[in-house]
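Notes follow once the structure below has been shown.
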């Protein structure tokens, strides 16, 4: 395949992360043509120009629609705030570009559905930025489960916790407005759902409890304003194959910084993982003598593909940004028509439907079944 | 107070554990009269005699009712299988003895209610064997919460997991029969509930999901028999003060041996604990500079009362059996009419009502409120 | 064997610990006669009487020599300060009593040698209180090494660290006087040496570096006094079979409470242990697939004898005081003429010679070979 | 400063790592001109061409001397095997290029001294590739020590262990030849020494014990060959300010993958770090109430500069390759004449002298003082 021409919209953290991925994917993997960094869009023209220079893009613009018209652009990274995803992704697909869109698809389910429709009619590749599924550890866990290393899985728990909303005296801001979404469900639940999908397929039914740790928060201008959504979500789930599950998300959990803790229980063993220690996982199997059975802490190593493309020695560790490089490689595979482990708009929509079902189950105090996308 | 005369019914593990506690309580604490080990009952007379010799009891019997008539017996430890608790505890109370009864009170709620009634009419002390609440670590956590070290608690998660039912090919035995109870709820949920009560008070409402990891198990005589209860329980909870909670119990969780993992989140910090490492806990507070904030792993030490009565140096560690010695000291306090941190029949009944409410919430697919005892 | 009659000298922490062991050994193990607690000696007569009551001893005295003349006393526990060990142990042996003496034997090597001579001429059993070797985890590690689970051991590191001397502004007291011994070497090195002996046999040659973290300490009466011994010791060692080793001891190591961290490296695997988490160890072996190799964290369980005598369920945990009960059982085995895993005066003397050799190697700046006892 | 023109010699793992650093440094930091990747040298011309394409270099050559003559090249990365470092670095400096050379400088001390001399006469910047000192965690530890967070440091231990030489039946290869160097000292000791230098300054005196876990190894062609150097090194050290230290290195330590475990003890606290969990460290201080003192596990966060340049959220984690990007930024600072935290040829030489002193101390069985470079 010839070198892809890249367009990038947005230069915040995720924009930078995409830029690093496009810069590194060829050097790291050595099996794809080095992408050409063609065109960068950022609302502020001066910022666009300086970021283009730093990131290595050939040209820049303050109008993202310029990328649609640029014949050298084959793929567009959409890394802007969530409310712009639908408009940009649909326009890009209609312009015949492949799309790499940060999660989630869109705040409104209807917009997400339009995005999927646009992808289907375009015939182009459209992939979501769910990078945690790309961790070599997660991929190895998936292969272990698939090969039956822990027997038949029957129970799973997953917790995603951070503490950026933990301070009750931090000023009220948009994340506590109902207009921004359900709260922890939107911010966090989608990530565990992406991991569960990767390992087991989509969640089938849910019942959720949502909680507000703080009824109100101070306003910068004085006084307090009532919090309109929920920083804590606890969800009972039914997964494919009769697996019972619990999903917990808390964005006001003091001390948690980037925790995504997974427990998978099977008929022959168990697997534990925590994203805060993303370069290791724990495995318990019933092999061998009972007096030496315990959870093994396994450090990432070249065995765990594609760690080997980054580092030839075990135990040295990948970083969060490296996951985006792997995701980028998977996107290129998809564009090349090869097998790809990534979440396309179809699966992305199903994940977002699951989140809406959780919110509904809380409102109605009952289990809600989730329909296929 | 004069030395208490002790009767013991049952010489299985819990009988031994009670015997060790009665042997040690005076030497460890140094502030109570050394109990007189008077009378031991065990169905097999020869076993009763040999255990009495090993445990240091003056006399033994094959008929537990002999203890009721023994004027030298002031307190009776009831450590027999659950189905005998009600009969023995009620008889002991009616005979004017204090009672130390292993948990749970009784398989049937009606029997537990009769036990409470017997205690009330007797005016004697009747305490349940919920030893995990006696861990100096748990007591210190309780004092930290009470003094506001982590602010106002808003969320709690507790998991209790072991793997003694994890092997799907282990022969069917009575624990998989419906007659033995709900499964994980009976075996495990009562312990986390005792901890939650100790920290926050009784659970107010629940909705549970129960799961069978294995539909059937092999019979020793050949063939397989359907499993009749649930090895896995996941429960959403509402606790006093608007605390949201999740309780998870799994007796088929490979690799877990004696796990009771607690996460408590407050407005100023968090606390973590796991019974598998019962001599430590983790504390995160927002004190000090952000760049050095992290979970502190705190080892038990003489600061954490009554660890100091066992060992004068920090970090040396108590064992599971030591918790029973503390529980014994609390029982003596109660008998002496002093403040005691223990679960009497009143609170024990409420815990058992909570378990029944969980089972009901699963059957009916809805939240169930739990009435006061 | 008939029930042993017990005499106890000293009622500080170690006296209490011995008393608990004598109280529990029969109930825990169920295979030895319950000892008769005969006679307790403590310099203060009133304290002697009250401790006797608490600990369950029949009579008490302010003169320890009364125990020598007591025909009902078969074994004497010596738990007094180190400088009294030689006189008491020798007198006890000469009176025909067996001796259970807390470590170390004596501050002066000549006294330790007289103790061994007294034991040899008495024909009685004399055992040192090195309880860490009795941890079921350590015993299991020993059996793993013996059966070749990690191949041939070639390297070992052991660290013993606490922080009771870590505060430079804590008042000067006797532990900083040269008369009290070398410092960390006496306080701590003997324990790692007992573990090394248990696993590999006695150390053959050493070179040590001793260090004073603080040149002086404040006097209660004002002013400061120079510290006369060394709170930190670092030792290179040669062990049997060409094993290279490092022993580190630090009694001024902030944050360490009861750390004895062991690393054993062999040709087929490795073993890690830390006394601060005394109910677990870590094992790495080259068995199985490389992609799942990692250190397994193994919790103590009934497999790890004699944990099963204390608790029938895995993962529930023993405490520090329980180790003394096991040591007591080993002492009874030795008195019964059966195989016993304990450190008698012969091996105890060799451990103390090793400590003196370390101090000599530091003074002389060269390797020192250690002669057999 | 104008954009630097980059030459790269070598395309093995370290060549790739340098290439990624040059590709990323501008995008990550945003405060330096994006370097121009000018010229790549690799002995095999075809490989040179394909790597140049993957890594983004404009041209390639099979003759590394072509880079010396290339006027567009300002800096040369030397990532070839150790025996070529001296020749290439000296030639580059003599050609007026700045040099970024992978560690160590050279197998022979005389060559390392010539490299320093060449740097001095050239007036160019020459920096070694000691990337572990660039970890934001290590930098933060350094600032904590400097500001007195743990008081006056008095003791330090550092262990570097991996297991790539742990299998005794792996075929003999060049790393076991005496010609390749001392063994663990060369492979590993230099890294801990770089960390110690970064925190405390250079080691002053040493005494080492070197050990061979395996006397011989199998030859591919049959038979066995004696191992000529030492896979294990244990070293007692004296550091500036009277700090006592222990350095341990083992390249045959089963289960260790990339361990660099550091323990730093001071008069007011302690710090622990392990490179296998490179995104966290542990801090113990005597601040606050004794009953809550424990080691805090602190996850890397934007507070810990320059983590914030990679990721704006805490706890997400950097990878090993990211450290090279930071090192690259420091090199650019040095070339710009600004303060730089990096190990230049002067300090690099002193580290290598320390290694030779360790070997000498082992041969001579005595302490060896290390002269300033």
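So that you can tell them apart, the chains are marked A, B, C and D in the order they are listed, and the count of residues begins at 1 in each.
Just so it is clear, a contact is a pair of C-beta atoms (placed from the backbone, for glycine too) under 8 Å apart; a residue touches a chain by one contact, two chains touch by 3 or more.
All of these numbers come straight from a predicted model, not from anything done at the bench.
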Pair joined by more contacting C-beta pairs (B-D or C-D): C-D
Rotation angle superposing chain B onto its copy chain C by C-alpha atoms, nearest 5 degrees: 180
From the options B-C, A-C or A-B, the pair that copies A-D, where over half of the contact pairs coincide: B-C
Gap in Å, rounded to a whole number, between the CA centres of chain C and chain B: 34
Centroid distance [mean C-alpha coordinates] between chain D and chain C, Å: 41
Averaged-CA centre spacing for the pair chain D and chain B, given as whole angstrom: 54
Set of chain C residues in contact with two or more other chains: 256, 280, 293-295, 299, 301
In the complex with chain C, residue positions of chain B that touch it: 13, 16, 19-20, 23-24, 26-28, 30, 33-34, 53-56, 162, 164, 256-259, 276-280, 299, 301, 310-322
Complex contact set, residues of chain D against chain C: 150-151, 154-155, 157, 159, 166-168, 207, 209, 211, 213-214, 232, 234, 236, 238, 242, 244-246, 248, 250, 252-256, 265-270, 284-286, 293-295, 365-367
Complex interface listing, chain C residues touching chain A: 140, 144, 149, 280, 282-283, 287-288, 290-299, 301, 303-304
